[in-house]
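So that you can tell them apart, the chains are marked A, B, C and D in the order they are listed, and the count of residues begins at 1 in each.
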Amino acid sequence: MSANLAHRTPSSASDAHGSVPVASAAFKGLLVALVLVGIAAFAAALSSGNADRAWQAYLVNFLVWLGIAQGGVVLSAAFYLTQGRWAGTTQFRLAEAFAGFIPLGFILFWGLYFGRTLIFPWVLHPIAQKAAWLNTPFLFARDGAGLAIMTLLSLALVRISRGPEARAWQLSSSDIDLPPPILRKIAPALSICFAVVYSLIAFDLVMSLSPAWHSTLFGWYFFGGAFWSAIVTVALTAVILRGRLGDHNVFRNPTVLHDLGKLVFAFSVFWIYLVFSQYIVIWYGDIPVETFFIVHRVYYMPWKAISYLVVFLMWLAPFVTLLGVRPKQTPAILGTIAFGGIVGVWLERYLLVVPSLSQHVVPLGWVELLITMGFVGAFVLCALPGLDLVAAAATSGEMQEGHE
Amino acid sequence: MAAAVQDASTPTFRDIDRSVLRVMEMPGTAYWIWIAFCFSLVGIAAALWTRQIYSGLGVTGLRQPVMWAIYITNFVFWVGIAHSGTLISAILFLFRTRWRTAVYRAAETMTLFAVATAGLFPLIHLGRVWFAYWLLPYPNERFLQPNFRSPLVWDAFAVSTYLTISALFLFMGLIPDVANAREQSKGWRKTFYSILALGWQGTDEQWRHYSMAYLLLAGLATPLVISVHSVVSWDFAMAQLPGWHSTIFAPYFVAGAIFSGVAMVMTLLIPMRKWLHLEDLVTPWHFDNLAKIILLTSLVVSYSYATETFMTWYSGDKIEQMTFHMRYFGPWGYLFWVMVLCNCLIPLLLFSPRIRVNLTALWIISIFVNIGMWLERFVIIAGSLAVNFNPSQWAYYRPSITEIMITVGSFAWFLGLFSLFARLLPIISMTELKEGITWLKKALRKDYAKAA
Amino acid sequence: MPEGLSRRTFIKLAATASAAAAVPGCEPAARKLVPYVVPDENVTPGMPTFYATTCAECSAGCGLVATVREGRVIKLEGNPADPIGAGAICARGQAALQGLYNPDRLAYPMVRGEGGSLTRITWDDATRQLNDHLGAAVKAGKDRVAFLGAPQGPTFAKIVQSFLSAHASGRAVFYESLTTEPQRAAAKSLFGRRDLPVYRIDQAETLISFSSDFLETGDSPVEYARQFAAFRAPRQHHTGLDIGRSFYVGPRMSMTAGRCDRWVSVAPGDEAQIAWSIIHVLVAQRWVSQNSGVDLNALTTMVSAYDPAAASQRTGVPIEAITSMADAFGRADGAVAIGGGDDELLQLAVYVLNAVSGNVGRTMVFLDGSPAENATAPDDVAAAMTAMRDGKVDVLVIAGSNPVFTMPPAMNAAESLQKVPFVVWCGGVPDETAAMANLLLPAHHPLESWRDTWPRAGVRGLGQPVMQPVFVSRPTGDILLAAAQAAGASNLPGTTTAEAVKAEWTALASQAGTNARDFWTITRREGGYFIDAKTSAVKLNTSALTTPPPAGAQSDLTLVTYPHIFLYDGAGADKPWLQEIPEPVAQIVWDNWAEIHPTTAQSLGVAQDQIVELKTEHGVISAPALISPRVRPGVVAVPLGQGHRSYGRYAKDRGSNPWEILAPGSLRIAVKATATGATRELITPLGKSETMGRSIVEAMSVEELAHGGREEEPLAPEPYEMYAKYDYQHQWGMTIDDNACTGCSACVAACYAENNVPVVGKDAVSRGRIMSWIRIERYFPEEHEPGPNVYLSPMLCQQCDHAPCEPVCPVFASYHTKEGLNGQVYNRCVGTRYCENNCPYKVRRFNWFLPEWPEPLNLQLNPDVTVRGAGVMEKCTFCIQRIQHAEITAKIEERPLRDGEVITACAQACPTKAITFGDLKDVQSAMMRRRVDNKLRDYRALEELNTQPAIVYLRDLFREKGRA
Amino acid sequence: MSGSVEIVGSFADEIGCAHGIEKLREVKAIGVRVFSPIPSHRIEHAIGKPKSRVRAFVLTGGILGIITALALTIGTSWEWNLDAGGKPVVSWPPFIIIMFELMVLFGGISAVLSFLVHARVPAFEIAEGYSSRFSEDRFGVVVRCEPADSAQVESILRDAGAEEVVRAAAWPRADGNAVVS
């Protein structure tokens, strides 16, 4: 991705301080309101006999938003590993913007404990031959530990990445000089842990919801999706900020959107590849303990519709529209696709989780909607400081004239 | 040359030309002995194959229930080797990665010949090879067509597509170089290069279309390379057989392919660099990056082993568990553990930056990786078949001399072809080195710094 | 000899013509088409002709129907009209064809020169030489001519008599290696008659076999297997839903023992004690029938020494075993005990056991009008041999038996034959005896000649030739009659065997009270004359009940030999099918073995496959050890049948011949075993013997069945079906009852015969390249895991609806037919072998080399079935050629296919009808009804894979209580 | 060349060459042809020709490949609709694989073919002003202009840093014959 950074003015040492915050007080207020609504809705659902739906919505949103926040940090780590720099410090700030949600996500994880009986079928009806793995204490212990490690690593990486040494490297044009040593250690560590921990999350918080089923690719598929969700969120943010940060910001530079577009495109294709790899093996193998999971979701209404919608939002739409160069550089198109992507990811997680628990009806109503709103509010709130940094970097003029 | 590099302004375009073109001069006797050696081995293999066709597959060690073994292992191994080439030349091209320029031609050449080698094995393993063309669709009076639901037909399409595309890709890349060589060589070589160069003159008009075509080829080759090994992996994953039927196979095999492929690039490039005096064009910087890819893919492969093992345990499927138990502790258990050593443990050394630039170490590691990946395929293919669903039909297999010699022959065939190419055509892309000469200079300087 | 030549050419023509028809271009078998010069009105090319005849492979005398195509018999099947086989025959019967077409058969008369070398001569020379020597012998005096051979039916016996009397001799020796003498002697002393009783196992609720392997060999394997299956079928007993209670008392777990509920292991020779002990309990419990005619007081005193405790103490058999057997026997509404082996006292005890429990005349009956004994008593045989040794015989004619091979050393067969100046051997494949003969005459195979059988009262089998001779041979009978005529004898039964047989049957017609011509026609069509023989009331002679001697002195190691289920006493060893089909329990091919218990093996210091040397007072043999817990410690069990020194390429130099170390009249003997360093791998196509809980073969306990079976949990949460269903006009399927399967492998042999399945030989089998399309899966339950003694179940292509093998074939060579068959197009196959990789059952077979059928074995090939070439995958297709044939017939007759019209070779051959074939679309078909009726027992092999097999198995049944 | 002259400027470095070309916009040159040993964005930029049409051809090729695959797979399946393992006659997942492979194959081939067509290779005569060094380490700019403008062109080229500037006529066609294959 490292674009041809020919000649570029050295960074004016400006950073977050002194630049305008992206969010107005009113907007912040709105977000807070959303959070409160969400909490209220959750509480209401619990009391009004919709506890199962409440917890399912909780789980779905937990997976979606934590996935985005975490995926963002991993994206930043990936930039370090590939030494790919096409928007100076901005790209790093952008990827790290949502890290603020990670600690909250870690806390929210423990919330699942109280909903365990409604979320995990095997809590009330244990499965003998799987009890060694599928039991409450062990599950929360291992996943809790995993998420703790992820949280610490992520925060560490973000802090270092915002430091002067890292910034210097982020702005240097040479492909050959390596990032600062500490990052050369943390970035790979973070990526490896991401793969492992999010596979665990996938197996424990999603796959175990229909305990009979198992698929070796599932972990990969799950964190692949999370990574993409981060990319689309980054893209969407870029498009929004582009409009809000005045005429002189990095996102005005077409190549920046172009590169974001490429990422969205590439990893959407990678995602469908994982989907297909998983689907064809199960389709061909025709072994009941594997097929029922797919058949249930893809062959029969109402879930069928959602499956197709997800594939449309996460692959077909991005693929077709972003095939050319021009659309990638058009903010409106990229933004729409990215937004659709986020919706797609939400639906996809929903599709993974809910059918295992509610076979025939699609529980999609005010409960899910309001709880999701609450999560969105919390997510954006946590992201705001990070976004301020993005704004600062984007307007710092380090890449004003951009590329040839 | 060695003197010249002291000066930061070198290498110049001319230096690059000189050191590359020098390789393409008339080689000495040692080279011809090597070529003769390779192709005599190929001859033996060919003879044995002929005998096999004549008398039947009974001359192999294949048996009930191990219907596939070394031949298919070799097929998968060579297809895997092929992958790194396309990875380096196409994927890294799209990523505009600098360091690929020095190594991509060699890798791409390797790809072509590896696919050419791999393509032989499906034929060799066939019971009635003279009907092999039935796998391809062609008009016939009975409207008999291949079964497009069969992974083997996907293979036929994927591999032949791969062969075509990588050949075209290699050829495209060669055009400006041979044009250059044309201008600086004499005699039959001049004629030869002139023909290959298609009268290339590097006009802006030519470059304009050339760049676009090359870019798009790269864009097509990238998903292709992934699809090819995925399809290969599905030869196994489509079966219900425990040890074969696993959803992770596609990405897992792709990673494994790149893993072994990059290792093979090293295995070839490190000695070549020495013998052909390419130290100034292929620098530790390049190897450092190759090593990183090996490390990454090694980790992916290890992740896959782990996932499979975990999932087998988690699934509670007794049959699956038995298969894996036999894979780890059965009669062929040692093969598995050697494989783990080669594929998972030894590559971990590459975490150390010092080892990543120590070419001797790299070369040895790359050899281990090659062995490990060959074993991996063998363990998966033959090992899983041996302990199938029906215990009364369990049996292990031992290879026959025919199979062994044909395997050896395939290596000879590959190395022979590669050696011929290396001396006949520019094994390093002069054009691209020139394009990225600034980076090359940096690399050289950096390495001398490192050495100091 | 012009006429001989012309016969051969005729066969050849027919053969090539049909071979050409059979194999479209892909086979070297088809050379060039030669049209019939004179079309034969009995032969419609492409249409089979059927001839009823009788089986001559053993003394049971099952009826046969021979399928003849273009003048060649290509398949033998049971004759439904015949009461013994009732339409089924065993593997040996199937393999009779390979005796007929054996490539090593003597092709022309030969004479042995001075140096012992054989030279070919014409028939004229041969007959001249024979007559000269006979003449000389007659001049030399009385009884200078002798005949030695197996009993070959009443007519043949007459011919032999007249031949001998024409030469002033009475030395007729009808020799059988495995005699029925003990049974006859015991019967004589108890019931005052020497004929053999007939058992009615299906009338019993309890069965105890004392070392009698009636399912493998013995009096009538097919018939008793059929009865045994009925006996074991779950039905209402007086105790409720149950299967017959069966026990086997003997030193090794034979196939019969394996199929019984319980194998009670006893030391060789102790069976009688157990029997007496059971009687003791019966008497003590007053479980005796009042009208059995047994003097109970005499009996009580007699068995006083056999209370279970004492017997158990002497034999080491647990008391519980004895009492439970007695209990089952005594309480049963109908029970039967069958004795085997060579021990007359055992037979005596068994008869008494049946008698006191009132089962004589019920489950064990003597019939009116039993045929005269056909075999010569062992003592007389011995006497005859001595006579030869003493030079009292000048000319000896040997036909249809192999004394040099089967006679124990004490009989000095070889020496005796040497002492005879002129030995004439008439037969097929030259054997050890032929090697000692001066004149070798190629005799007709039974399938080529007229003969008749009289296996028991009421059953007269008529054997007619089913084809022209393959070689330039003559019927033995004709040779003898010709010689008799040459000697100027008059009042012969006929000038040829054919005449003799016809004469015999004309006489029979008058008994039957019908006119001769109709009788002759009918009996030829039906394959014999069958009437229900009346059971004769027998009086038990109590005075015979002398106190039996206690257990004979036990040797610390005893050799137990027994006739091999396929090779029998060695006669089967020349037939490649019988060599290649694995012995059902040991699963070993092309070899023989010494079965030794692990503990014994340990003390002897031998391991699996290590060759042990077995030494008795009579000699030494050696065999590789088969270490197995299914033989009693202190016993070495070796099957008879191998160890031929000649007898054709298939038999020669395989294993060792236990006859060489046995004493006359006994199959058991004290032996010294020593481990030699050497090893010889015992070859088996089998991998593991544990099912590992995989549902390939399943069993359930009778108790479970009685309590309504088990409830099956779903494979996965519904819905899980990924593909829409296909629809078929017919959908062929099978129901296979594991409980009825005895493992006899008749189905395997039938499949070899029907489908041109090649034989690959020992080495190839060891390389995992056996070609059988159907095999007997043999598994053993793991230690302390409830289950039958041995799982035996036929495994063949399951014709899955969702066959994993089909979609992976790149060229549609493997596909699903519109009739639900898993088709395999041999000509389309390119040999990727992917299908076999994906087959969970591993029932596909790959041709690693071009299969070979040494002439004239190729004449047996079924013209309706392609002969597969090298590099092609092949498999069972439910005898699709038969399905086609039936469908075409139905189409011609413009009617739908009837149930039972199509029957596969395996289902047809099965003596116990464990396999039912039919159309799943026809819910009324016998096959479907069998499924429904046995819902509680049904299972599909590896069902969890959702391959949806067309074959449904019915679980084998066992008893939770009472397993050894 | 009626009355027009061709002037060859040979540059040592890419950037200078590019600048020279941009400058040439000032004069009304009839035609500018550039020879370079390496592909150069700057030069391409400087000349400012539209993006290559090869793209369109590849897209068409790819779509054609997909259509072919559809016809092949579904067509043959319908021709002989055989049941194999109960899988549907039109089994999408496998067919998608074939579609993908043929898309790549056709796309790739059409990429190369359309390149050959557009770039006019194989070329059988040497373009005016070509020199072997332009395949090696020199960048050549050949300007076709009215004789009147020639002086100005030459000076522009010199200013841009051309090593030598001569009339094409006087330019040595080194090894020209070799070009013709």
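One rule holds for everything that comes next: a contact is a pair of C-beta atoms (placed from the backbone, for glycine too) under 8 Å apart; a residue touches a chain by one contact, two chains touch by 3 or more.
None of the values given here were measured: they were computed from a predicted structure.
Of the two chain pairs examined here, A-C and A-B, it is A-B that is joined by more C-beta pairs in contact. Of all chains displayed, B has the C-alpha centre closest to the centre of the whole protein C-alpha set.
One finds 73 Å separating the Cα centroids of subunit A and subunit C. Subunit A and subunit B, compared by their mean Cα positions, are separated by 35 Å.
Chain centres here are Cα averages; for subunit C and subunit D they lie 83 Å apart.
Rounded to whole angstrom units, the spacing between the C-alpha centres of subunit B and subunit D is 30.
In subunit B, 144, 146-147, 149-150, 153, 223, 238-240 are the positions where the chain touches two or more neighbouring chains simultaneously.
Shown for subunit D are the residues that touch two or more other chains, namely 80, 82, 84-87, 94, 97. Among the residues of subunit A, those in touch with two or more other chains are 4, 280, 283-284, 286-287, 289. Residues 1-4, 82, 84, 127, 129-130, 133, 174-176, 192, 195-196, 199, 203, 214-220, 269, 273-274, 277-278, 280-282, 284-287, 289 of subunit A are the ones touching subunit B in the complex. Subunit D makes touch with subunit C in their complex at residues 80, 82-88. Looking at the complex, you find that subunit D touches subunit B at residues 33-40, 43-44, 47, 49, 51-55, 58, 62, 72-73, 76-77, 79-80, 82, 84-85, 87, 91, 94-95, 97-98, 100-102, 104-105, 107-109, 111-112, 114-116, 118-124, 126-127, 130, 132-137, 174-175, 178-181. On subunit C, the positions that touch subunit D within their shared complex are 723-726, 800-809, 812, 814-816, 948. For subunit C in complex with subunit A, the touching residues are 715-723, 802, 804, 807, 944-946.
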